[in-house]
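All chains are identified by letter, namely A, B, C and D, in their written order; residue positions are counted from 1 within each chain.
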Amino acid sequence: MAARPDRGDVATYIPELARVDPKHFGIAVIDAEGNAHVGGDGDMPFSIQSISKVFTLTLALGKAGDRLWRRVGREPSGSPFNSIVQLENERGIPRNPFINAGAIAITDLILSGHQPREVLGEILRFMQFLADDPTIIIDEAVAASEQRTGYRNNALANYMKAFGVLDNPVEYTLGVYFHHCAIAMSCRQLAMAGRFLAQYGRNPTTGHRVVQPERARRINALMLMCGHYDGSGEFAYRVGLPGKSGVGGGILAIAPGKASIAVWSPGLDASGNSHLGRIALEILTRRMGWSIFGA
Amino acid sequence: MAARPDRGDVATYIPELARVDPKHFGIAVIDAEGNAHVGGDGDMPFSIQSISKVFTLTLALGKAGDRLWRRVGREPSGSPFNSIVQLENERGIPRNPFINAGAIAITDLILSGHQPREVLGEILRFMQFLADDPTIIIDEAVAASEQRTGYRNNALANYMKAFGVLDNPVEYTLGVYFHHCAIAMSCRQLAMAGRFLAQYGRNPTTGHRVVQPERARRINALMLMCGHYDGSGEFAYRVGLPGKSGVGGGILAIAPGKASIAVWSPGLDASGNSHLGRIALEILTRRMGWSIFGA
Amino acid sequence: MAARPDRGDVATYIPELARVDPKHFGIAVIDAEGNAHVGGDGDMPFSIQSISKVFTLTLALGKAGDRLWRRVGREPSGSPFNSIVQLENERGIPRNPFINAGAIAITDLILSGHQPREVLGEILRFMQFLADDPTIIIDEAVAASEQRTGYRNNALANYMKAFGVLDNPVEYTLGVYFHHCAIAMSCRQLAMAGRFLAQYGRNPTTGHRVVQPERARRINALMLMCGHYDGSGEFAYRVGLPGKSGVGGGILAIAPGKASIAVWSPGLDASGNSHLGRIALEILTRRMGWSIFGA
Amino acid sequence: MAARPDRGDVATYIPELARVDPKHFGIAVIDAEGNAHVGGDGDMPFSIQSISKVFTLTLALGKAGDRLWRRVGREPSGSPFNSIVQLENERGIPRNPFINAGAIAITDLILSGHQPREVLGEILRFMQFLADDPTIIIDEAVAASEQRTGYRNNALANYMKAFGVLDNPVEYTLGVYFHHCAIAMSCRQLAMAGRFLAQYGRNPTTGHRVVQPERARRINALMLMCGHYDGSGEFAYRVGLPGKSGVGGGILAIAPGKASIAVWSPGLDASGNSHLGRIALEILTRRMGWSIFGA
């Protein structure tokens, strides 16, 4: 990682991400009334990376329901995002859907019996629908960059395949995985897409139900427990909101009943979470009294 | 553990606890107005065990402030409550204050420079003050039983001592630890003692501030992330409230701004948390719309 | 694995190996005078599997010398043959050349800058030269079977690649690895090939030096310490000879200065080593007074 | 540890050992004819520490026979000498008799049903008998020093006690353990005591059989596999003799049928084994052609 005092380090293990200017900062808040408050580079698209895991989990729960939990656990891992140790100790079952191994297993579940291209289209259309914005695209250069260098994800996928946790050919599952991580969105689009989690499962613009209220609550619970890898405890302690980070420097955070929030700052802390993004959310939450642990 | 279908197993590793009738069930809810709703065996005292860790953490934060976090982390451990593996990998620093090693380190911090008897008196008076009930006592038989058989806690304490994480003689620190875990309280008393966490740090009866609102929020965050050992994710997913369990079968749960809740049922699940207690809280939370992840 | 009382279980994770009749038993001893003593199915070829790792290590030491030890350690692993945990804890450096990860790293070193086909030819010719038998071949059906199902080896290779421990494309390195493990040899051929390790580095027929005496000693030391995965201690304790096993049921054992020995019985014990093969070597060593730990 | 370039670092975790002058060097070789070759400080007593484990294992095998292996394994651990991780993963059963946990379990077995003082006397008399020297004593200052600071061994013992692997009170077992580790011997005395392992179980002076030849072989095998903790592979690779090291800087090495050798140099390498001691043995073995892996 490239050293950036104050801002953290930009992820360099995906070559395409290493080129992003660490000085960007964007924020978007969609409140309960549906008003959007956007600041800084809040309309500039960035690579959402692992934040996509929230949405593929939502899709997979829609398809497989609680059957999904046979393949993935729901406990914090206490390990880095790309750890393989836990898999060996627990017969190839990832600890939760938000570490890399878990998200790959979820992707494999969505893929089952379909063509990668078809499934990718479905994921992208789901994002466009949630954000109410048909211009969202996949950044093919990022996807290709990750596909060329993603040895560790390849190891995780092959390892789960050895335990029978994946159904599809490893290269198909990873192809879809690398591509949905390469979706490019702005803070505004991301905060829009997260509204259903803040609004009891409902899209507040259309009034359409995306998921049942209980499912929205449970996805929020998983985000709080596992959304920041081995920095999840720190995020809960300081920010006090369910959130999911990505190595592109984005964080989606949910204040249930109150707001859907997205921030973006490319510099990362030691656990791979946006350094300034977390601080911004900490300040915002305190000012607004939005912590789920008491105003 | 002794098999009890439907109710889970009563903890048997502390001989004194193994004698408790698994059919007990108690509940107490103190709402925002200060009204107590008590049911079943809600007035029968039981061994609060690890629930005491919430209160010793509160005391220790009062004495040491953020200096405390040099000795204990605040991430979920992903390991059983009495695991020692994590300590070896992280130079004797326990992952969080609610696993046994962490609570022993917190006890050692409170003890510093004082006599065990004196410190125990302070902890007990703090409980009596919070619960507004001077009749709360320590069950000496339970403390003695644990002191005789607590080899694993002895291993944890000696291990931390080897890394210089404990200041006091191991037998002093463990003596205080075993005794505060042996405090006996009813659900009513426990729910009363938890009110300050539900009411932004304030004791609603007296109006006295116990801790700053931010500290109450942070203790709640730690309870949610780490309060049920390697079953913390499950508790967040199903119940959606900060909570702390003890192997005596009790659980203290906090609905911020709404209620302090205590349940008791001695049968435990595989992670050592009250089986029926968790189910009761799941039903209550759903009915009342108290989940912190969205009503 | 398929249960075979008394004989252990035939390896089933490589489909092609699962078809072998577990009742085969062969043995060959080449003594210091070069006489061959062959019994049972000692002239029937079987898949040598991991026994090939002794010979690829010998080749790699010839090419890279002690530089090799920058990529692979030489301590027993205390872990199963296909464990990945150790790699995560030690930055992708395999503990020794005889666990799968180590042998893959060694194969990658031999491959460097050459075509897989070319390198495979070199390995095969080395085996034919050592065994003084040009009829030794690679069983393509076994290699193909392993290539189709070798997810765990794929995980190990990708994992090391992520740490920069492998130079070549993963599929090239694994291609060579799967093929040299699929070499088919009889006990007689294997015992012949092992003579240089029993004779201070020299091929006793031709008198040609294969390696320096010190290198022969060191390869023997590595075989004793690491040749039977997490059953290495048991083999040293019971047999007392340097040896290397393969999941095809073969074992090559060396009595320094006295004999090169190969046994074959397809049933495996819990650590993946030939069950009857080990017992046969134990009896033989005791009768002949060949233990390196005292006659 | 205190830095000593070239010689390694003197162990400082036992305060009493930290005072030893790192410049000492002693060696003693007893050959097959019983001749003693002694050089340097070879007649100066030092703390044998873990080398005592070879002799307590011999005693315990005499008392318990193969029943001993229910409590201790015989595989290399792949971990440091005082690791506790392996115990948690394997239900309190130490991997082998030469890591600290294993030697504590062996001590507990010898102790069973006797008084600590009585058992210590027996161990000391066994050493005096083997070395043919009644002047050997226990250094009480070292024993006391270790007893005051041995938190990590206390953790190991309590941990095994929790799993029921120890029968006696922890403080009794550790008392005996710390005292037999504190036996003080010179290289000459140590090499004398090791003769039975080099001479097929027999004391060559008296002609008395100490153990059966097979048992001597097996103890040698265990020394080779596990005698130098996570540096055992390195010792086998470089020296090629069964050996056991102690943190006092001593090493006992056995050339079966040829010699019993003791060296002493207090500076340790990263694995806690005598740095110069190992190098001296490497040179000696090469010169004499004593490697068990081929002359």
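Simple rule for what comes next: contacts are C-beta pairs under 8 Å (C-beta built on N, C-alpha and C of every residue); 3 or more make two chains touch, one makes a residue touch a chain.
Just so it is clear, the structure is predicted and the values come from calculations on it, not from any experiment.
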{"item": "Graph distance between chain A and chain D, where chains that touch are linked", "value": "2"}
{"item": "Greatest separation from chain C - chain, by CA centre", "value": "B"}
{"item": "Rounded Å distance, chain A centre to chain B centre (Cα mean)", "value": "32"}
{"item": "Where chain B and chain D are represented by their mean Cα positions, the distance between them in whole Å", "value": "45"}
{"item": "Where chain B and chain C are represented by their mean Cα positions, the distance between them in whole Å", "value": "54"}
{"item": "Per-residue overlap in chain D, given as positions that touch at least 2 other chains", "value": "none"}
{"item": "Which pairs of chains touch, using the document's own definition", "value": "A-B, A-C, B-D, C-D"}
{"item": "Of all residues in chain D, those that touch chain B in their complex", "value": "83-85, 87-89, 151-152, 154-156, 158-159, 161-162, 170"}
{"item": "In the complex, chain B residues that touch chain A", "value": "73-79, 86, 95-96, 197-198, 200, 213-214, 216-218, 220-222, 224-226, 230-234, 236-237, 240, 242, 256-257, 286, 291-295"}
